[in-house]
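Each of the next two complexes has subunit A plus one other chain: subunit B in the first, subunit C in the second.
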Partner chain A sequence: MADLLNIEDLHLEFHTYDGVAKVLAGVDLKMQRGDVLGLVGETGCGKSMTALSVPRLIPMPPGKITEGRVTFDGEDILSKSESEMESFRASHLGMIFQDPVTNLNPLFTIREQLVDAVLYQQARGQRVPGRWKGFLPSVRQLRSEAQERAVELMRLTGIPDGDKRIFEYPHQFSGGMRQRVLIAMALAGDPDLLIADEPTTALDVTIQAQILRLIRSLVKQLGLTVLLITHNLGVVARSCERVAVMYSGRVVEESPVRELFKNPKHPYTRGLINAVPQKDVSRGGLIGIPGMIPNLINPPAGCRFHPRCEQAMEICRRQVPAAIAVGAEHKASCFLYPEDA
Partner chain B sequence: MSRLLEINHLKKYFPIRGGLLNRQVADFRAVDDVSFTLQEGKTLGLVGESGSGKTTIGKCILRLLEPTSGQILYDGQDITHIKARELRRLRSEIQMIYQAPAASLNGRMTVGQIIGEPLWIHEKLRGDDARDRVLELMTVVGLKEEHYYRYPHEFSGGQQQRIGIARALAVQPRLIVLDEPTSALDVSVQAQILNLLQDLQDQFDLTYLFISHDLGVVRYMCDEVALLYLGKIVEVAKTEVIFEEPKHPYTQALISAIPEPDPDLQREEIIIRGDLSHTFPQGGCPFAPRCHAEKLASCDSVLPPLLEADQGHLVACHLHPALSASSASEPA
Partner chain C sequence: MNLRFYLLRRIALIVPTLIGLSILTFSIARLVPGDPVGLAAGPQATEEIKEALRREFGLDQPLPVQYINYMSGLFRGDWGQSLYTRRDVLPDLRTFWPATLELTTIAVIIATLLGVPAGVISAMYRNRLPDHIARILSLFFVSFPAFWLAMIFQTWFGRDLGMFPINKRLPVLVAPPPTTTGLFLIDSLIQLDFETFFISLKHIFIPSLVLSFSAFASITRITRASMVEALEKDFVRMERAIGIPYRIIIFKYVLRNAFIATITVISLNFGWLMAGAILIETIFDWPGLGLYAVHASLSLDFQPIMGIAFLYGVVFSLINILTDMVYGILDPRIRYG
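Moving on, here comes the complex of A and B:
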């Protein structure tokens, strides 16, 4: 099957007053239709930047893609013009973000914002091209149709009494409900790919469980493809089928979920899993990763993890490890594993 | 083993104002009749969702907020209403570490000044003496000597939290209120800080009140856990007991919602409905509208008291009656 999303050797730089930050240094990522891929990593590892490169929402300048390709359904995204991008985003992508408060306009009702999203997607998307051009008298009709669709979306995302609550303002919604509204907006254009950037980080655990369950059920119901970005390994274990672990601008390990937790290969992945306080870890048994994430302006040569790695070898300081197959559908970028395994 | 801290029927109400003359129209019950004790050298976890009142309790203990009613006993002494002069002495015994390390450090002071300030206030230490103590504290929390003249913004989140910890330790406190000390940090750094806190506890015989919403972290850090829901304690027990045999439906749901990094883990996932809402039926159990357990007639009408349902295991739920009638009067 052809890949829905293919990111190849993506390099991204940010020009700052202190120098050039090498934010992404050769990211490779593939997704197929129906995939639920978790992208995990700590602050500043480039997981959000990787995801934002798909809808091309990275501000340029100061950002600059120096190398690499991003293709979606066979189309090259990086060479599209801005207006082509707009219709591409409307018809293929949905995004939800971390903070449901700042992503809704407090001055407008949910109805205005959700109906706008539906109408915008219809007008820009390829599926209903120019639908309301020349039909100005029917704008009211379109709005009421769009409102029906909006209520339908609210029902789909588990907001009770959508037909009444649609007239309310964002402040009348709780955090979990606001996140559901944003998911409804993201689904308005019937997207092929849903990019969820830390969708549950700002929420309480009980609400987090509700939202994750909602995303899982949408995957089943609508056959969505989801790129779930998170720093929480527990969230990944619960919701994803495949995981890609990022460290300092590169994907260091990629594998099916079970395999990654049972058999982590990259020392960073192991460190990350050991750092989570789990059931049977007793007092003093938690192992952190020494040191901190590297500076992106002067990243360490070779493997960027080597200054914090206990198993670092001479070669790690000189050369960047390539992704090597270490098992069925399991790849790791580390010199600990022989090339032909 | 002695009781270092004892809280009796603590209440903190905030006024809700409204109407034409902006009079007080109602109370917002942030903390509503909370009682617990903390043994010297132990760690008590205070767990709850946002809005459950856990930080308010922490602030009341430091007297950063004046409690509406109730009693706070520190080392046998009632500190609920002590005067400013005594309060100052008390503050060298009780310290607090905050959630957002960047916001809790003054950006215009160097690390040396930040850690040295409490030494000047409480012990009138200055100059070389203070400098020596500060450097010693910095080594204890894992900072380097060359960090002395740097400013907070030059540090990562984890390092900033170490500065906050050093500042709290400067006055040699016995009790530290830790308000979500690691929730702003990445996991690999969180592990470092949690281990540091445990080492310090062993080294200096500290007592911790550990406020957190992360049950995984609480399980790792605490000896005993108290669960809060809408300003009320719903369950208290030893950590192992809470995680093995949670009795209150809310606790059960919270534990089942911990995202464990183990894809093979088979467990029943309890998803509780709705959100935390302060408009629960007056008189009834605050958790009743979201509860997934079997519903009794009394759930909506009678507030369940916190009773000893098992040895050392207190639960506020009608489904779990007290061990015996005599233990019902006074929760330990």
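Moving on, here comes the complex of A and C:
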């Protein structure tokens, strides 16, 4: 099957006052239609930047893509013009973000925002007649259909009384309900790919579980393709089929979820899994990975994990390891494994 | 709480404001050093004449009684009399005030119509050529003294190019439209007298343009700053990510967020311009309240001074209510809060 999304050897730099930060250093990521892929890693490892490179929303400048390709359904995204990108995002992408409070516009009703999301995504980059043209019967028809669709989307995302609550403002909604509204907006145009950038991080734990359950049920109902970004391995375990682990601007391990938890290969992945608090912490307390995330302006040569790696070898300091198949559909970028395994 | 309650509460708050204001203006007018009666009566006046004047204006009575007389006069529409001209203050205000109101209103409209788009363009092309042009222009307009620009414009457009009249609200030979509001532009429209309308538009254009410059500058700057801030908001990225066109995001979603700060500056400028129109009124020989106020204050003519202060207080309160109303319309959280 052809890849829906293919990120190849993506390099991204940020030009800051302190120097050039090499934020992404050769990210490879592939997704097929129907995939639910989790992208995990520590803060600052580049997972959000990888995700934002698909809708091309990385601020440039200061950001700059120096190498690599991003293709979506065979189309090269990086060479598109800004107006082509607008229609590309409208027709193929949906995206939800971390904080449902700041991601809704506080001055507009849910109706205004959701109806616009429906109209512009359905128009796929074409012009949409403005609300002031409401005196035309055709426009009124179009908008009332869009509103019906909006209420339908609210029902789909589990917001009760959508036909009444659509007239309310964001501040009249709870955090969980706002995240549902944002999911509804992202789904308004039946996107081919839903990118969820830490969708549960800003919510409290019970609401987190509800939102994850909602995403899972939407995957089942609509056959969504989801790229789920999180730093929480528990979220990945519950919601994803495949997982990619990022460390300092590269994907270091990629595998089906079960396989990763059962049989982690990369030393960093092992550290991450060990660091998850267990129920029985009385004996040893929390386990961390020694050291700090590397400076992106002056990253360590070779494998960027080597200064923190207990199994580091001489070659790790000199050469960047390539991704090697270490099992069925399981790849890791580490010199511990022989090339032809 | 809905918009109506919100407004009623705001309007109710005017009453204590105005009572406070009346006490303040009354005390300032009475407590300043100087002898208004002595000034009015002239250097040759005998003590008897001054005494008679004092009695006539009620200045021989204790201050609280004077204040009560003043307040009851305010409500009856008797705002006192000028010590000099012996004319009633209220009719005088009615004659001069509309000219100033018309001038400043047009100035604020010009400043808003030019300043808001300039600020938006500035923010959209931040740190690029259009932004630099807009910033240099606003720096220019805020730095040059208005009276100097006024004379330059008078010379260019009035004398050299002959495009615009150089002074007054209307030419001597054109009769002003019958007074309904005292605003020539509106009165002439009520009479469907388009000729007078265009003539007075021509007269008001240059003075109000010059008056608008400083307001233009501050409106541009605040619009730019608040647009830049609003463009950084998370919802902008979210709206872009799901494919809402950038121009819709800017002009519909972001502008409204930025406009709350802009509306504050517009209303503040309205007040400042009204109080500061005097220089422009002098240069363009504009028969407004500014000249009247200066004459009154130079001669300690306290009744007109109090009248003007009270009128401005009312106008400022009304502008504030209007501003609050716009806030309420723009931001639901204020309306319901």
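Criterion: the second predicted complex is superposed on the first by the 323 of 341 C-alpha atoms of A that agree within 3 Å, B and C clash if a C-alpha of one lies under 4 Å from a C-alpha of the other, contacts with A are read in each partner's own complex, and residues count from 1 in each chain.
In this section, contacts are C-beta pairs under 8 Å (C-beta built on N, C-alpha and C of every residue); 3 or more make two chains touch, one makes a residue touch a chain.
These numbers come from a predicted model, not from an experiment.
Participant: Put subunit B and subunit C onto subunit A via the superposition and say whether they clash or fit.
Facilitator: fit
Participant: For A:A275, select first, second, both or neither according to whether it touches subunit B, subunit C, the two together, or no partner.
Facilitator: After superposition on chain A, A:A275 lies in contact with subunit B alone.
Participant: So, A:S91: does it touch subunit B (first), subunit C (second), both, or neither?
Facilitator: Only subunit C; A:S91 stays clear of subunit B.
Participant: Between subunit B and subunit C, whom does A:M292 touch in the aligned arrangement: first, second, both, or neither?
Facilitator: Only subunit B; A:M292 stays clear of subunit C.
Participant: Which partner does A:N232 reach: the first (subunit B), the second (subunit C), both, or neither?
Facilitator: Touch status of A:N232: first partner only.
Participant: Contact-wise, after the overlay, does A:M177 reach subunit B, subunit C, both or neither (first, second, both, neither)?
Facilitator: First partner only, subunit B.
Participant: Pick one for A:Q311: touches subunit B only (first), subunit C only (second), both, or neither.
Facilitator: neither
Participant: Counting residues of subunit A touched by each partner, does subunit B or subunit C come out ahead?
Facilitator: B
Participant: Using only C-alpha centres after the superposition, what angle do subunit B and subunit C make about subunit A, to the nearest 10 degrees?
Facilitator: It works out to roughly 80 degrees.
Participant: Tell me which partner A:R213 touches in the superposition: subunit B (first), subunit C (second), both or neither.
Facilitator: first
Participant: Can you give the closest approach of subunit B to subunit C, taken over C-alpha atoms and in whole Å, for the superposition?
Facilitator: Minimum C-alpha separation, subunit B to subunit C, in the superposed model is 9 Å.
Participant: What is the shared patch of subunit A, the residues that subunit B and subunit C both contact?
Facilitator: none
Participant: So in the complex, which bits of subunit A are touching subunit B?
Facilitator: Residues of subunit A touching subunit B: 42-43, 174-177, 204-210, 212-213, 231-238, 257-258, 261-262, 271-279, 281, 283-284, 286-290, 292-293.
Participant: If we count contacts the way the header does, which residues on subunit C are in touch with subunit A in the complex?
Facilitator: Touching subunit A from subunit C are residues 233-235, 237-246, 248, 252-253, 256-257, 330-333, 336.
Participant: Please name which positions on subunit A make contact with subunit C in the complex.
Facilitator: 55, 57, 82, 86-91, 93-97, 99, 102-109, 116-117, 120-121, 125, 169, 171, 182, 185-186, 188-189, 195
Participant: In the complex, go through subunit B and note every residue touching subunit A.
Facilitator: Per the touch definition, subunit B meets subunit A at residues 49-50, 156-159, 186-192, 194-195, 198, 213-217, 219-221, 243, 253-254, 256-265, 269, 271-272, 275-276.
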